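Take this structure first; my questions come after.
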Amino acid sequence: MIITLLTDFGRGSPYAAAMRGVILGMLPGVRLEDISHEIPAGDVDYAAWVLKESAPYYPAGTVHTVVVDPGVGGSRRVLGVESRGQYYLAPDNGVLKYLFHGDASARVMHLNRREFCRSPVCPTFHGRDIFAPLAAHLAMGKTLDELGEPAEPEIRGRVALPVRHRESLEGEIVFIDSFGNAVTNLEASLISEEPAEIRVRSRSIQRVSVTYSDEPPGTLMALIGSSGCLEIAVNQGHAANTLGIRTGGAVHVRFTE
Amino acid sequence: MIITLLTDFGRGSPYAAAMRGVILGMLPGVRLEDISHEIPAGDVDYAAWVLKESAPYYPAGTVHTVVVDPGVGGSRRVLGVESRGQYYLAPDNGVLKYLFHGDASARVMHLNRREFCRSPVCPTFHGRDIFAPLAAHLAMGKTLDELGEPAEPEIRGRVALPVRHRESLEGEIVFIDSFGNAVTNLEASLISEEPAEIRVRSRSIQRVSVTYSDEPPGTLMALIGSSGCLEIAVNQGHAANTLGIRTGGAVHVRFTE
Amino acid sequence: MIITLLTDFGRGSPYAAAMRGVILGMLPGVRLEDISHEIPAGDVDYAAWVLKESAPYYPAGTVHTVVVDPGVGGSRRVLGVESRGQYYLAPDNGVLKYLFHGDASARVMHLNRREFCRSPVCPTFHGRDIFAPLAAHLAMGKTLDELGEPAEPEIRGRVALPVRHRESLEGEIVFIDSFGNAVTNLEASLISEEPAEIRVRSRSIQRVSVTYSDEPPGTLMALIGSSGCLEIAVNQGHAANTLGIRTGGAVHVRFTE
């Protein structure tokens, strides 16, 4: 009986604690996990990646509650999803894009039964008034069917796919972590052959290293990171700042001389 | 048996963990909740608002432990308060001002029984040596009477009240949240009639919206926020930075043309 | 059955949650404590101090898991240490320096049994694939002997020791906390006599105060802080920024006129 929270509320705010309080009032024995409350405000893509890289490590039955929700109170719907033995509650804004991309058989519900929410619902804080009580109900044994009705997500979100050229591969930076490592969408399986060159901005990298300390401190490098994807890094440095790169930036992998 | 912690220690510091360790050593089964450890250093008013907007959502019996305490080790007293079925431990510096303002029947004690504290008490870290053990004792079933003696708070703190003019209302910004939304002290009940104009800095807002996405991104707007008070916001933006407003700034609501 | 985590992952990252998920999958009933995930990236000395000032307050049997590990995946070893009834898992990079300095009888093991780790091990995320499962195994009752073999730490780390001159004492700033207080390595016992002067940068302090509020706001001061060491502070200010001091900076205490 684990409920996780993933929000952009910031840790200096009362909002995460308000959600936790509501859940504990309904379900005193639950285990409450903060995946993070420091997603950059409204950054749905950032949250999507953080969810993808953390949720799967939790046990089966975990209820993941994602409130990165710039459209709160508007027309976007609240989704409840069952995928690979776990549950996800999230706004229909693309924050579950990797989940939908990776699991075509995910069961998706539109959670529209307001009798399971707090009353009245504040139009600007669905985290406290809708997501928190729904998460508690799910963790207490209610089924998704009891909480809503089948639905298709309106916004599946853009999952950047690598582009294959004749002798190269074009990828995209999809996440920059707190160390400044720039993670791409190029999975290790695409780079089974040792590349001749990796280009990012106007810089060239000649090989795929195994770990950061393979290169001298300060060296720009590429390696397969903990997500299983190619990552641009600087040993003991901050690759994103060094290169001035952002998510969405291109990375080219060339295979033959 | 829940103990919450609300401090300005910062998450990169050892101080919050030291408090948690002390409590767990005394009460291994307690549920320990971090409301926040990222209150701006010494910002008693900020902490007061965060407490007001989070504590009430926790279950009855919760012990809220507030250590935003720039006067630590000086003459200020340590208060223990029972209010609406919950307990509060805090320095007598105004951090409980909303609680005292809203609950005239709160029971207030001066917690001066040092035999329930760690020994010796470090004059600069009452969080670890006084508040943590007192919180554990309360959660273990000690009563406030056993831990101290009845007292009046010396510092009740300033709660800004709205000023009614003939055809307008003058409020004050009391909190700026992590999204940059500027929360005022103007409760929704004061704005039952649709205002003709809301003025903040030299900007004018013509209506009270329901939620952020009611206005185009970047638009300055007003709405009733999750605290039940009028809030100045920018959809997908940061109102406080946009306007250059701070807590204490004035907001005027005019009702007739 | 407590496992603590101390990392430099940052709270906006998925990495801490991935570790927590792995541990919860193995040991659903464990108590998981975040000491901090906001150690400055790769700052082993900072982490060492935070560990020293928090770990001892946890109950006997606690498993402290330290992943501030810029050499991850390289030749540095993973250590398991038993000291004063607690357990420590950490890279062999000096992050346990205060522990080794203070406890000559600490039992140190090289945890090299990969059958207790996740498989495969990602060379850049030993936190998730090595430290998390090892911590869970220890908390589940495995002994250090079962997880590795006796070893000496290769890097014991530099613990700055005070230097005694004829009529003075020379110390060093070893930690700057989130309030800007600059903690030195000069323990209170070295300053039993009231000093004539404390010098830091080109500033002079004339006495050792008891607590921050002993001096007017904004005043540079010295006191014995919560670590039991001399600390340079500014009441309601940020001493480190005011003085432009950093860790490693010198502090001189002169005893006679």
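Going in written order, the chains are labelled A, B and C, and every chain counts its residues from 1.
Convention: a residue touches a chain if its C-beta (ideal position, glycine included) is under 8 Å from a C-beta of that chain, and two chains touch if they have at least 3 such contacts.
Being a predicted model, the structure only gives us computed values, none of them experimental.
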| item | value |
| --- | --- |
| Rotation angle (°) superposing Cα atoms of chain A on chain C, nearest 5 | 120 |
| Same or different contact residues where chain B meets its copy chain A, judged by the half mark | different |
| Chain centre separation in whole Å, for chain B relative to chain A (CA means) | 31 |
| Junction residues of chain A, two or more chains touched | 11 |
| Of chain A, residues touching chain B in the complex | 8-22, 24-25, 28, 41-42, 70-74, 122-125, 128 |
| In the complex, chain C residues that touch chain B | 2, 4, 11, 31, 33-40, 46, 49-59, 62, 177-179, 210-214, 223, 225-226, 231, 235-236, 238 |
